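Presented sequentially are two complexes of chain A, the first with chain B as partner and the second with chain C.
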Partner chain A sequence: MGYTLNFNLIWRHFDKLWGGLLLSLELAVISIAIGIVIGLVLAVWYVSAGRAVRTIIAGYVEFIRNVPLILLVYLVFYGLPTVVDIAYSAQTSFIATLSLYSGAYLVEVFRSGLEAVPRGQLDAGKAIGLTPWQRLLDVRLPTMLRITLPALSNTFISLFKDTSVASVISVPELTYGAQWINFNTFRIVEVYLVVTAMYLLTGYTLLFALRLVERRFKAAR
Partner chain B sequence: MLSQIIYALPFLAEGFAVTLWVSLLVVVLSLIAGVLMGVGLVYGPFPLRWAVRIFSDTIRGIPILVLIFFVYYGLPAVGLHLESFWAAVFALTLFKTAQVVEYLRGAVGSIPKGQSEAAMAIGLTFRQRLVYVIFPQAFRRFLPPWINGVTDAVKGSALVSLLGITDLMQAINQVIGRTYEAMPLYILGALVYFAVNYALSLASRRLERRFSFIRE
Partner chain C sequence: MSNASHQNPALLDVTEVSKAFGSVEVLRSVSLQVTRGEVVTIIGPSGSGKTTLLRCVNFLESYDSGSIRIDGKEVGYRETGTRQRRSERDLAAMRAETGMVFQSFNLFPHLTAAGNIMLGLRKVRGKSNAEARTIAEHWLGRVGLAHKADSLPAELSGGQQQRVGIARAVAMEPKILLLDEITSALDPELVGEVLEVVRSLAEDGMTMLMVTHEMAFARDASSRIVFMADGGVSAVGPPAEILAAGFDNERLRSFLARFRASHF
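And then the complex of A and B:
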């Protein structure tokens, strides 16, 4: 009651939010880059592997998809160092977690993409004498990437939002910046209004830009 | 080590009950709100359609964590005092409602237009058309993704631990605070979440296969 909006303190500490936004984007970009490598390797392996390997890959995918991200973040940051003797920063820990997390989602994306590549293309590759490696690298993967591009951009945008969970281990990304301003200035409504606008603006700008890229590389039907 | 964990089991079970209770509330409330708003989005007049679209796109565009903090810290500032438990349930319900709206839109949109037109031609009212023609068919398209989406409520509920609510996640952290057995407890917690969510995903997949015989 009687709450009047006052954004002055938010602008004074805006560097916390701006720096946070850039770090959120950085975390998302690095994680999806590593996630794409994990996803590609495991998906290609999966479609050509025997039962045992398939079960292990499916186990990894199902485990990650069915456990809350925050628990995985805690597990890697607080749990893992108690059993293995390595030291890493909160940021490294979060990137590792989010990479494994996105990798699991991308295995599924790429696997169904690989299966959607028309059989005739592979046969045609064989007919003109391409080796199995050439068929994979020059025929199957490029077509698969075009097919999976929309799912890939959706994954990226949802990863960008998931970076907010990094705040629980004090990685100074956007949500952490919001909490800092929340606790230090008590301009609560203002800071969350600004941060909500920043997430929305960034997310939809990314979505719009990625849709343009998709249109450029649309798979021929 | 093992004895400490066994000693903590009843406490963890209480946390798990809170997790299930939060998830259940969120799932039920969001189902009601989401279906109503979804119908508004598909059949409503322009301003309503517009309002639901903005609601859904806004909620789905921000992280759940930000939504939870916004509701929890922001509502008292505008004069609404909710207990942390209900603030968390409210925030998660907003997030799930936006999902349900999209599931409903997708499911209803997949029913051929001819069905609606035929129902109109035999003189059914709007309510009859929904209840007897559209919903029974859309139900099969709605159910599998919706059940799969329940896992998002269960996973999202782990974030309520950040408001000091002793759900499974928070119970695990508290037991770790006393016993320093981080790894076994996190793994135990992961397995519990996994068991619940994997069962839901399996059910969703099975239903999808069961309903997949229906083609236009």
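And then the complex of A and C:
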């Protein structure tokens, strides 16, 4: 077997990978930001709402968690525009999908965090005369954040990796860049080695940064 | 002092309050008055409704019937017509007039000792940061923790946490302070420092209603003792009378006998 590794072609097209990585990060950051808003709002709503609302929110969460992301991406990009009169780019479509997807996971993280805030702290907030809104902002959310930080970090890393699914609808992120180089140079081993290293490095950097934040908060527990 | 207390209407007036959790009656037509400046202690076996009664006074628990009034104002329910729960805003405003100290301290873990005290002052009393800080430091000094203002609860001992808990409650200048078994979660050697703070507040004339198992403290610090059993008030009277071995109440006698047996 005379296959010799040759990275020259990869370096020649490295701009595809670098640009892809930046786009992957952009997709992740925007989707997670929207997902956090969805997750927080629905989690707070869930813990204070009645049965009907809880059922609807739980339905959304269960639907998203039980359908593969790639299918959701197809549904939103190819399926939705054929049913309703709506047009969007692949990138916008993917951000919408990943936002809904991360929202569902984050609802669960935030909800369990909110429910884990000790009752005594809420009683103490009531006893000094805080209104429900103040109890949420000044007592419940800060404690919830500390409780959920480790789970949040894991979810963020996971969602960053999920951006690779965008390649199936030709969004030129990192995995798509790798495929493009593969198709045009046939250096399959080299390109995927490099891309794997890039995902790994970025993932670890994110994890490291998030652990630093965790440690800071843990000190202030 | 006892003359004055006869002239003043009760600051806290609990009248025939009943409450059930499902089919379990935890409070059976409880009536109890606390006059301004008085220290009233509730004793009784666990499950007798002491803590529930205390939690009804600042409406951490609702009650099914009867009435609780602080300074003439009905707690928890509107005074017009049918029994209707007050708005959350109203409830919050009323709770700000009663202070509560908890068995498990319940400090806000993300805030420093001073921050715990300042939260209510800023958000509820509308004080500026600087004003709130000054008040917090004053009360931390009163409970002997001036040097711990910037410590987080996790860095404090149980006794210190509880003293911050007391400072947090009294800094709001409540009309009445509710103390719910505040030394029960403490190691024995830390109980004294907390009770000392309570004693000094009593000397300042703070009106207090407390649930405690510290009989010696109850005897020394309270104006009256209420003995609760099975959700009802079984006996009320001055400490010397209630804690006397020969008091004419079988349940109280057996409670005290069992209590002495387990504590000495």
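Everything below uses one rule, namely that the second predicted complex is superposed on the first by the 218 of 221 C-alpha atoms of A that agree within 3 Å, B and C clash if a C-alpha of one lies under 4 Å from a C-alpha of the other, contacts with A are read in each partner's own complex, and residues count from 1 in each chain.
Throughout what follows, contacts are C-beta pairs under 8 Å (C-beta built on N, C-alpha and C of every residue); 3 or more make two chains touch, one makes a residue touch a chain.
Source: prediction; values computed, not measured.
Of the two partner chains, chain B is the only one touched by A:195; chain C is not.
In the superposition on chain A, A:90 contacts neither chain B nor chain C. By the touch criterion defined above, A:79 reaches chain B but does not reach chain C. Looking at the shared chain after the overlay, A:165 reaches chain B, while chain C stays out of its contact range.
Looking at the shared chain after the overlay, A:124 reaches chain C, while chain B stays out of its contact range. When the two complexes are overlaid on their common chain A, residue A:56 makes contact with neither chain B nor chain C. A simple residue count on chain A separates chain B from chain C, and the partner touching more is B. Of the two partner chains, chain B is the only one that A:175 touches; chain C does not reach it. Once the two complexes are overlaid on the shared chain, A:146 sits against chain C while remaining clear of chain B.
When the two complexes are overlaid on their common chain A, residue A:41 makes contact with neither chain B nor chain C.
Residues common to the contacts of chain A with chain B and with chain C across the two structures: none. Residues of chain B that touch chain A in their complex: 58, 61-66, 69-70, 73-74, 77-79, 151, 154-159, 161-162, 169, 172-173, 176, 180, 182-183, 186-187, 189-190, 193-194, 197-198, 201. Across the complex, chain B is touched by residues 1, 3, 62-63, 65-72, 74-75, 78-80, 82-83, 161-165, 167-168, 175, 178-179, 182, 188-189, 192, 195-196, 199-200, 203-204 of chain A.
Within the complex, the chain C residues that touch chain A are 58, 60, 88-89, 92-100, 102, 104-110, 119-120, 123-124, 152, 154, 168-169, 172.
Those residues of chain A lying in contact with chain C across their complex are 118, 120-121, 123-132, 134, 138-139, 142-143, 146, 220-221.
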